[in-house]
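Pasting a structure below so you can have a look.
Letters A, B and C name the chains as they come in the text, with residue numbers starting at 1 for each one.
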Amino acid sequence: MLASKYVRIALGALFFALFSAGLISCTNKGHDSEKTVVVYVSEDQVFSEPILKDFEKQTGIRVKAVYDTEEAKSTGVMNRLIAEKNNPQADVYWANEPIRAQVLKEKGIAAPYVSKNAETISDVFKDKEGYWTGFSARARVLIMNKEVDSEPKSIFDLASPEWKGRAVIANPLFGTTTSHVAALFTVLGDERALAFMESLTENKVAISTSNGESADLVASGRYAFSLVDSDDAVNRIRQGRPVKMVYPDQGERGIGCFIVPNVVVLIKGARHPEAARRLIDYLLSPQVERKLAFADCAQIPLHKGVEIPPELKPLDKINVMKVDYEKVAKKMLEIQPFLRKWAGLK
Amino acid sequence: MVEVKLQSITKHLEGRLVLKDIDLEIVKGARLVLLGPSGCGKTTLLRLIAGFIAPDEGEIFISGKMVSRAGEIVVPPEERGIGFVFQDLALWPHMSVYKNLEFVLKAQRVPKTKRIERIKKMLDMVGLQDLSSRMPAQLSGGQRQRVALARALVSRPSLVLMDEPLSSLDWDLRAHLAKRICKLQEEIEFTMVYVTHDRDETKQLATQVVVIRNGTIKGDGEQS
Amino acid sequence: MTKRLALWAAALVLFFSGVLPVLSMLHSSLLLEGHLSFSNYLNIFSSEREWILLKNSLTLAFLVSLITLFLGVPLGLLLGKTDIPFKRQLSLILCIPILIPPYIVAVSVDNCLGQEGLLRLFLPAWVLSSLSSHYLGLGGSVFVLSTVYLPIPMLLTISLLKNVNPALEEAARLSAKWPLVLKEITLPIIRPGLILSAILVFVLCLGEFSVPSYLRYQVFSVESFTQFSAVYDFGSATAQSVPLAVVALLLLVAESLYSRKDLFLSTPLVSGTKTLEIALGNSRPYLFILVSALAFLIVILPLLSLFYSSLDFSVYKEAIKVAGDALTRSFFYAFLAASLLSILGFLSAYTIKNRAIWCWRLVDMTSLFLFAIPGTVLGIGLIATWNNPWTQFVYSSLLIIVFGYVARYHVLSSRIILSQLYLISPSMEEAAQLAGAGWLSRMLFILTPLSKRGIMAAWLCVFLFCLRDTDISLIVYPPGCETLPVRIFTLMANGSPGLISSLCMLMVVSVLVPASIFWHLRWSR
């Protein structure tokens, strides 16, 4: 009984300590000064957080972040931004692909801002009116098991009889795979794209839940090759798994490799516009691109002449698929019903 | 002949001495009334005899057989052949009157046809024949009382323990039921240990009275 | 006057924290380009896929509630009613999985079965690979969720057993052996509680998204998520979440009607009397080994493998560095929400028991509904409701997260306290009233002390559920103020396995410490 009295006192003290600690850590000091910037992030926290920390260190501006994860198909950040439209809380949105940014632009949530650091980034990766700007990109690549003799060279190999039942792709309802399919629709035209998707079904292409899983399935030899993001492939290569990365459709007449840049967006009605612009400038700087290239996400810099690790090809050595991301975004919403049917449990 | 014999029984509950060095013999066919103020240990004594708890010291014999000894229940309750009427009756709330009685017989593997017959007879004896499908919650206090009595007697135990069975009833019902218990005891001929703190009941029922105070027996005597 | 004020205040908090947000979402689901339209609802089952997903969801929930019930009740009996050794320790161990976010359990089991996992030391490779291939899909989801929710029926059984009037069992023991007594008397008496626990598990499984998605089993809750994540269409996403909520709500309503009918069963017990303990006799050591083996298999082994893959202590330093503040915040939010909910839950329970305000039934039903609706819908509803310039102080502060927890877990506190209030005779309050005590002092000095156990249990239960909450926190946490489960969740994408494991261990330990302290307090009583 005596013991439990002490336990109770200890508990009380603990709670009091927690209470005060919590209060201190969560009071929003100086909410409206430019000493703080609120950023919503869709890029994986493991990669984005260190960059934001560096920004804090360099500028003394406190970064308050809300993270999200694509891997888990989390719905957090984008839906927040949309729900908060009438009273925005975020200043900056760091998206891991341009399509989401385009959606924000269309919903009237983004504000235009042309950063001086973006001048040397190709116009393909920027919104014409400056609503979003791309940086460090992933490529959509083929990952193949080294044991396999012949090498797939094109995404159309997914539909070729040679590879029947030996390929896997992530569920096109989610993530970059959705964008990729939408991009194909804009490049090939509806008719050919539909035919291509149907032929995937006929060719018994397996469907996994994520690109990461696809990469693992190829690494373990369960499937011969897959279409994944370059970071998934580089990751497996660095782990020493028996896989190879192939940039697809590179020949002169090939449709090219689909590039998915990170994208940064200024939010309309941001509370800290000045700090927000500084953060955007920072993210668009070559030093950030270099960091992201050497990090495990292995992203391809969009600035020319940024140092990169050996596994990566510089952008100008890649035949890039020529797409208009604005159109891709529109197409993506348009083909949703089709995709849902297509991905339906067959 | 001695039905129940307690030999220097001592019992502590949560570190408190509740019963101290109790010696008691109950003759077969007797109506023994345990009389004492509340909190003196009467219920505890019954629970010891029934075998729900073991004594700390001493031994308990039923029909000459040792059933409990210090810290050990030798014969479990279900093999002691005891009927018990609880202070709060403890009717099973999810079973009808009939089912309450039937459970006892079923547990003792009485065949179905015999069960029906015995339950009917028992309900007749306590005057509940019309209420056999009622749930306990749908009965009056006196009726519940009689169900508890019937349930304790239906297996024809040779020993029946009653823990203030009438304490929650009003005065005239109490006198009426006490009479009925007397009559039943004479008809069925079981040994009865009856706990109460009420002197009127004692007068009405007892053939033998034992007074307990502060966990010890203060005196006993015969009564006609 | 104070009485009405207090009860209405409690009802209003529930309204503003939960009902209004969900209503605003439902409202938007009924609008299409500004006009009233049911098309979102008519489209729910537009293809065969949705039916298959619904079937999958129901299968998963059914199997898990069945398994947890049939395993949890015997375990509850063994640990709550017999003389099995180390029952406290065993119960605590078996409770660990429910204290941590379910996907962490999934990760740890995965760790165990994985190529570098702990089981590699004991099992041949082919057994391991066949096990891990079965782990993906329905099998693994059932296993993980059963592990996670087993404590619900188990704990409920233990606590209900203590509330059975001992004389009822004693009366039966006079003629029957224990197995028959348990089957015919004890279990039927606590049956309403057991059914509630099964339904609770069922509802929790229906709403579960993280585990099936981690284990690649397609369930219906994914539909609402696709709508949220791919098309950003709140209306249709809300509509897609309604079928599961309706199933869950129907079950909960059926249960609450049923349990009300059965109320006469709960005979208040005479205080101080203890229920009989079952002596296991010869089978005691065997049963002990059996239960320990189970605890080892489903709890210790996965935890060990988490620990094993985070053996490097520098990783722990790192974990505390990246998540120390998140951990503190988690405790703080959970503490606030639990304390608030103990008060609200008490007031609501009082409202429901005494039918004290006209909308008492509404209070009960809405809190059930808020528990059944997916967290995403509630979270986004909270944003839609509270994010405007006038209520900025709520949305940009921790209040919003507390609101989310209050709405979500209100039903737990009100139901737990309600069951305690039912055991208190109304005459207690009436006597105090006759003595001239006002309502407030009756509550403070009569009912609160009498229902102390229930209030404490509710506090702890809510505290733990808030501590492990991911779905609401993820959506509404103020920028820079995330909780530990959220941090683990977002770090899990491409984070280093060692760091993730050590964060999970941190989570486990931080939940276990308060849980075991309370455990100790409860048992020493």
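The rule is simple: a residue touches a chain if its C-beta (ideal position, glycine included) is under 8 Å from a C-beta of that chain, and two chains touch if they have at least 3 such contacts.
Keep in mind that what you see is a predicted model, and the values were worked out from it rather than measured.
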item	value
Chain contact graph, described as a line, ring, star, complete graph or other shape	line
Most centrally placed chain - per-chain CA mean versus overall CA mean	C
Chain whose average C-alpha position is farthest from chain C's own	B
Separation of mean Cα positions, chain C and chain A [Å, integer]	33
Where chain B and chain C are represented by their mean Cα positions, the distance between them in whole Å	45
Approximate Å spacing (C-alpha centroids) for the pair chain A, chain B	78
Residues on chain B engaged by chain C in the complex (per definition of touch)	47, 50, 52, 73, 76-78, 80, 82-84, 86-90, 92-94, 103-105, 107-108, 137, 151, 155
Complex contacts: residues of chain C adjacent to chain B	165, 167-168, 170-177, 180, 184-185, 188-189, 264-265, 267, 270, 276, 279
Chain C to chain A touching residues, read off their complex	47-49, 52-53, 210, 213-214, 216, 218, 222, 225-226, 228-232, 234, 325, 328-329, 331-333, 335-336, 376, 380, 383-384, 387-389, 392, 395-398, 474-475, 477-482, 486-487, 489-496, 517, 520-521, 524
Contact set on chain A toward chain C in their complex	1, 4, 7-8, 11, 15, 18-19, 21-23, 25-26, 28, 31, 38-40, 44-47, 62-76, 78-80, 82-84, 86-87, 89-90, 103, 107, 173-174, 178, 208-209, 212-213, 231, 235, 296-297, 333, 336, 340-341, 344-345
